[in-house]
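When the chains are written out, they are named A, B, C and D in that same order, and each has its own residue count from 1.
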Amino acid sequence: MALRIIATGGTFDKHYDEIAGKLGFGASHLPEVIKRSRITIANTLEELPLLDSLEMQDIDRRRVLVSCSHAEEKAIVIIHGTDTMRETAAVLGVANLDKVIVITGAMIPYEIANSDALFNLGFACGVAQVLPSGVYVAMNGKIFNWDKVQKNRGAGVFESLS
Amino acid sequence: MALRIIATGGTFDKHYDEIAGKLGFGASHLPEVIKRSRITIANTLEELPLLDSLEMQDIDRRRVLVSCSHAEEKAIVIIHGTDTMRETAAVLGVANLDKVIVITGAMIPYEIANSDALFNLGFACGVAQVLPSGVYVAMNGKIFNWDKVQKNRGAGVFESLS
Amino acid sequence: MALRIIATGGTFDKHYDEIAGKLGFGASHLPEVIKRSRITIANTLEELPLLDSLEMQDIDRRRVLVSCSHAEEKAIVIIHGTDTMRETAAVLGVANLDKVIVITGAMIPYEIANSDALFNLGFACGVAQVLPSGVYVAMNGKIFNWDKVQKNRGAGVFESLS
Amino acid sequence: MALRIIATGGTFDKHYDEIAGKLGFGASHLPEVIKRSRITIANTLEELPLLDSLEMQDIDRRRVLVSCSHAEEKAIVIIHGTDTMRETAAVLGVANLDKVIVITGAMIPYEIANSDALFNLGFACGVAQVLPSGVYVAMNGKIFNWDKVQKNRGAGVFESLS
């Protein structure tokens, strides 16, 4: 079993720029986070351009698809913004790759108090090793099929679409 | 799907007592940790006496077994000290319950910098929903069968026993 | 010796709103921060409207002045945004109150990793007990007179104005 | 104005050793803490052997005294364990150096949640720049003369000795 972790940005990876006084993107937190997690399973981190998922274009989603289809690993975890997680999941879902792709992210950036980022990464790294091939969104301690999920923005939680 | 989380102490839940100047046990961190994780899946937290796993006796392991066998939930996550995780796993394993029981813990207490606790909890809460019935140890981003695992104390990691 | 701490917002007290996905203001962190600091000196926390200091108007600065002049305590620490710290310091400085007023803040919000907030609060609470009456800005481990300080925005540090 | 910071260990600088499962001493946190504090005042960090202050011997206190008397800086902050802070303060106090020496520490290690370490360091770095020559203990947001202080171990706070 080996794991590929693909960083695409999103709330999980936002960083406070003290000169600009804003949250944006700097170096990914993932190398530190993975080290902290003490994972001994073989893993590769691939960093794509870090983006707010509201600013992701078709070309960005295709880049994620290309990374997934070229990956040597069967199990893939994607760190992604929550707002368009579903759209990227759909691009990957219709491609019907023979892989287990689990998309996760965070409601609070990793570097901010009370963040869910580390829990979500652990959750995703776990289920990616056990689920059958397919594309999933993993948030709020739940696993959703890529075509049965929506973000309830008012409540800040992911829900099943029936 | 519903989840039972059973707290038994261990490094995960240790707390620094500033009067004694030592790590020990106070109130469990689990209520705060679960809230932080933003889990929307139905879950129940059961707090057993919080113990250093080196001080766990047979009676303590039987108490964990009783909790598991009485649980209404099929999926159970147990927070446990790492040093005798394997012994408790064995007590649960031979009982052969029709449940998915995932035992996890932490190398660094939740309240100390660089802790793996939140990652491990997320990992365990994920795989407990997907694995077939059985008893597992989940540490270092890996899933071990209860009778095929050992802690390498010198390296501080869990390994497969073949 | 007694201390008044006046919260006016600024980077120090910003809070990440996970629904909006932005930093803004919620409840002040100061009650928690003061408790954490284990201050046994008599102290009173006064919370004014929490503002980004770039949005502070004359009326907001006058409100700070009124709080200072009405304070029973001789030693006052003000938590303030860094961008217009100097302007508020000037309003207080020309008023020439017989008080020790120390204005501080943070380059990184208290709730974000690597924040200087707690250091700066400790620094300000210390010097406010020892300095002679006057109005000071305390940032970067330095004490500046209110009319001899500027923020170097490119470098993100406070400097003496000679 | 320049500042010397002398690390001697104590609760402030304790580190959790995940292999031993205990708090002890590793590399000092002070380089990271000082960087985080964004101090622009000239400062030098001197690391003495890191000790639990209950294990400090006369020779260890004399080493601190030698460091203080040889220091080029007038203002000195010493990071020290709380249990024998008073004893070291006495050794420095009777030496009657023409320096401002401020001894501080923490009730909770820097790397553990809810620590007062960063507040105390900021407090000490501030008052060391303003107080007249002498030896002081700075804890709980208070400044104590070296011969008028005791730790109330039951309450975990420092008090004036009258």
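Criterion: a residue touches a chain if its C-beta (ideal position, glycine included) is under 8 Å from a C-beta of that chain, and two chains touch if they have at least 3 such contacts.
Just so it is clear, the model here is predicted, and its values are computed rather than measured.
A.B. asks: Suppose each chain is reduced to the average of its Cα coordinates; what separation in Å results between chain B and chain C?
C.D. replies: It comes to 44 Å between the two C-alpha centres.
A.B. asks: Averaged over CA atoms, how far is the centre of chain A from the centre of chain C? Could you give it in whole Å?
C.D. replies: 38
A.B. asks: Two-or-more-chain contact residues of chain B, please, as numbers and ranges.
C.D. replies: 107, 114, 156
A.B. asks: Answer with line, ring, star, complete or other to describe the graph linking chains that touch.
C.D. replies: ring
A.B. asks: Return all touching chain pairs.
C.D. replies: Chain-chain contacts present: A-B, A-C, B-D, C-D.
A.B. asks: Could you pull out which chain B residues touch chain A in their complex?
C.D. replies: 3, 36-41, 43, 107, 114-116, 118-127, 129-131, 138-143, 156-158
A.B. asks: Can you name the residues of chain A that touch chain C in the complex?
C.D. replies: 11, 16, 18-19, 21-23, 83, 107-109, 111-114, 153-154, 156
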